[in-house]
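What follows is a single structure, and I will ask about it in a moment.
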Amino acid sequence: MKRFLALDDLTDARLAAVLARAAALERRPLSQALAGKVVGLLFMNPSLRTLASMEAGVAQLGGRTFVITPGQSSWRLETRPGAVMDGEAAEHVREAIPVLAAYADALGVRCFAEGKDLETDMADPVIRAMAALCPIPFINLESAISHPCQALADWKTLDDLEVPRRGGRFVLSWAYHPKPLPLAVPASALLMAARRGMAVTVLRPEGYALPEALMTKARALAAAHGGALRETADRRAALEGAHVLYAKSWAAPGFYGRPGDEAALRQDLRDWCVDEPWFAPAAPCARFMHCLPVRRNVKVTDAVLDGPRSAVVRQAGNRLHVQKALLLEMLTEDGA
Amino acid sequence: MKRFLALDDLTDARLAAVLARAAALERRPLSQALAGKVVGLLFMNPSLRTLASMEAGVAQLGGRTFVITPGQSSWRLETRPGAVMDGEAAEHVREAIPVLAAYADALGVRCFAEGKDLETDMADPVIRAMAALCPIPFINLESAISHPCQALADWKTLDDLEVPRRGGRFVLSWAYHPKPLPLAVPASALLMAARRGMAVTVLRPEGYALPEALMTKARALAAAHGGALRETADRRAALEGAHVLYAKSWAAPGFYGRPGDEAALRQDLRDWCVDEPWFAPAAPCARFMHCLPVRRNVKVTDAVLDGPRSAVVRQAGNRLHVQKALLLEMLTEDGA
Amino acid sequence: MKRFLALDDLTDARLAAVLARAAALERRPLSQALAGKVVGLLFMNPSLRTLASMEAGVAQLGGRTFVITPGQSSWRLETRPGAVMDGEAAEHVREAIPVLAAYADALGVRCFAEGKDLETDMADPVIRAMAALCPIPFINLESAISHPCQALADWKTLDDLEVPRRGGRFVLSWAYHPKPLPLAVPASALLMAARRGMAVTVLRPEGYALPEALMTKARALAAAHGGALRETADRRAALEGAHVLYAKSWAAPGFYGRPGDEAALRQDLRDWCVDEPWFAPAAPCARFMHCLPVRRNVKVTDAVLDGPRSAVVRQAGNRLHVQKALLLEMLTEDGA
């Protein structure tokens, strides 16, 4: 596997192998498997977990990293094909990606959604173009529509917590956030849960239904893996017997790229802040998941985050293990 | 020792051991004592010496680092307990610290004073809260009221320069700076010198007396270690026979958090720029110390900094050695 | 060699040795020759290639790096001797350089032209002052008037492409850019090509003749190495039989430091965007070179950059190899 752009890039067999290796790496974190290897990290957007876990993970495997942050220690990069570059961007990814690849054995790239046109972002053109320009293994560290390292970590977390595949009830819930956010994490969590064969419910207020193309894909994955998918705006119904509430905010698809127009719809939804009472109809030890960063007492209360249901630190911790497994899969002989 | 928040966290015996080890590391800097270890560095504020010396020090011991800079390559972090996070900060340290700890074997954190309320900053609540959230060894890389790595480096510098403990005359002098600065370095230098058993004089203009709680603590340390503490606004008296003039600027405690109100007091103090004539009453080879960064010809003249008295580069160089010794103390079997 | 400020710092014999070693490192990139060594990198200006290639190169040789970026993760540095530092800069290079040197085995520093006074920038006073303050090996990573690592990479690229020394026709062409740019790269490319003994033509519009001191130096180098130097504004004449077109934009020397006054001259030069027809009179497989970053369709068209003539990624890739060779030259016993 030379490109990891979405969970789709792993067959069921390789996905199982990566998860098994991640579990093994959690028990025995250190090796020299990446000795002499350099992993280049290109962050077009901010990061905490991804940067730290990639740096730590490569280090624990004996490899090295470098980090390029356009707009900070480096200039802005242009991504549009054919652009007449008389604006702020000083370099095009058509040069930057092959050049960075000349210095590395793998590249990891973060490039968030442009947030202007839904169909464009759903097609993930920027990360796909960058991957196509890259002659070495390429890892998506969150793109317009996909955050596959997070999806891997979430899958491992569900395994760790012994949430059943068949019969496991997974609720992906919209939550309030002051700004419209990208679809990458909810899309990745949805597809991950569907592929894991769980009974998936998307809980969201009116106007926040996920794009139909995404739901169709998730429905097919669920069907193929023995699961199911439904959506509702009814919180109680959604959480009935739930094993997991995975919270995330996202932009209203009907107002994509028009945050001003969405504001009126959004302003009445401040009560979509996950709190303990939400879990009343859920299974006894229902878990709370979130990819982080999370705005406390806006998206979810202190009570939930500081209580025993919260799996958010475990999720984040698993980023380390799954990314190390992925690097071994992509960069070593016995990985494939 | 799992938390190094202030020099207090080292007993006299451990402090002596750390200083001895630092001297040994200066002679033989390289080892593999931290092989396989990752030290995470979280800088909520800018750094030059601390960042570079931590990176170099860990590298020389065979370990690895990662660096997170909120507000730069990462988003801003909220530190207030119970905050409703609808402002600029996207993540709370309640998540960030445990998550970063999941990727590392030790964390070093810099988080300067908030600069609003003196009593609050004196209690150092933010770094203490972060340390309490951290399940792995935690090093204060400068907090609201404490810069203990600097204090260690300063102690070693005094040893290197053979400034006597008993009978050594140490003057901590206020110096002019265009802005009111935090108390972390003057507090740490004061407590270090008092604990080293020296005859300590705080030299400062009217209005810049250090907080009484700090003076009381320093007085007790001096008494316990055979030293003494006095304060004065009389430059000549202060410097009579002095072995060391340690310059630093700090905010007027009476105007803490109100820089506009302090401005009138401060504007007449531009002659508190350390210059060669200050040393006339001092011991023949009296030394000049400063933690750096220093504004030349504002806080101290070129003549002093470029002359033979200046120990500032040695002080900075000692940051490397003492921090390496501290990491070994905290992270290795034979360190404790 | 303790300071690499310009290609002049390498004798012909050492230059040949560095290029030979670079070629060897391209074939066998990994070693432990820098094990235990720390290379400090100080970037006063943004970087992509230089940062990534230095990090990767040091890593591939078993060494370590740290990176300081004033104005980003660190404060601004003052460079003027004797400055009264009551402005934005919090630290002077007189402290910063010796301090960083205390943590490292070599320093690499980037500090672009001030862009105010041509004669000042031509004398390269800032990087020379910093090098003079540095007790350890010092590498110029682009200064006011010199980018010697780029010059080394360009030389190797010409060798790789088998562009002949004697008889090789090298055209350094001005190209349009929305802003007046520094002279470091054109100066370094010019002197490199002249020293390589090629037939060098500077192609530029009226008003953009390179400073006479630079042309005089290049002419002497060309004469000493069997080459030649001419300049012209006639594109067809310049490119007649050319093997290489090296494009770069630079400020009009007559308007140096006065971008507003240059604007009128510059605005009519948008057709100085290198395109395929430029190569009509050139040798059959004439190559296009540029140091990157490059603004596509402003300075050079997609057609040229994406076509077979473009050597820009190879140039950038060679940065890695020549810098590694240079580090070995400066930091190891058998390098000298």
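Letters are used for the chains, namely A, B and C, taken in the order the chains are written, and counting of residues starts over at 1 for each.
Keep this in mind: a contact is a pair of C-beta atoms (placed from the backbone, for glycine too) under 8 Å apart; a residue touches a chain by one contact, two chains touch by 3 or more.
Remember, predicted model here, so these are calculated numbers, not experimental data.
**Q** Would you identify the shape of the chain contact graph, picking one of line, ring, star, complete or other?
**A** Shape = complete; every chain linked to every other.
**Q** Between copies subunit A and subunit B, are the contact residues mostly the same numbers or mostly different, with half as the line?
**A** Different: when the shared numbers are divided by all numbers used, the fraction is under half.
**Q** Taking the mean of the C-alpha atoms as each chain's centre, how many Å separate subunit A from subunit B?
**A** Taking the average C-alpha coordinate of subunit A and of subunit B, the gap between them is 40 Å.
**Q** Can you pull out the residues of subunit B that are in contact with at least two other chains?
**A** Touching at least two other chains: 72.
**Q** What part of subunit C is in contact with subunit B in the complex they form?
**A** It comes out as residues 36, 38, 40, 64-66, 68, 70, 72-75, 78, 82-86, 90-92, 94-96, 98-100, 102-104.
**Q** Residue numbers of subunit A touching subunit B in their complex, please.
**A** Spelled out, the residues of subunit A in touch with subunit B are 30, 43, 46-49, 51-53, 55-57, 59-60, 67, 69, 72, 178, 292-298, 302, 305-306, 312-313, 316-317, 320.
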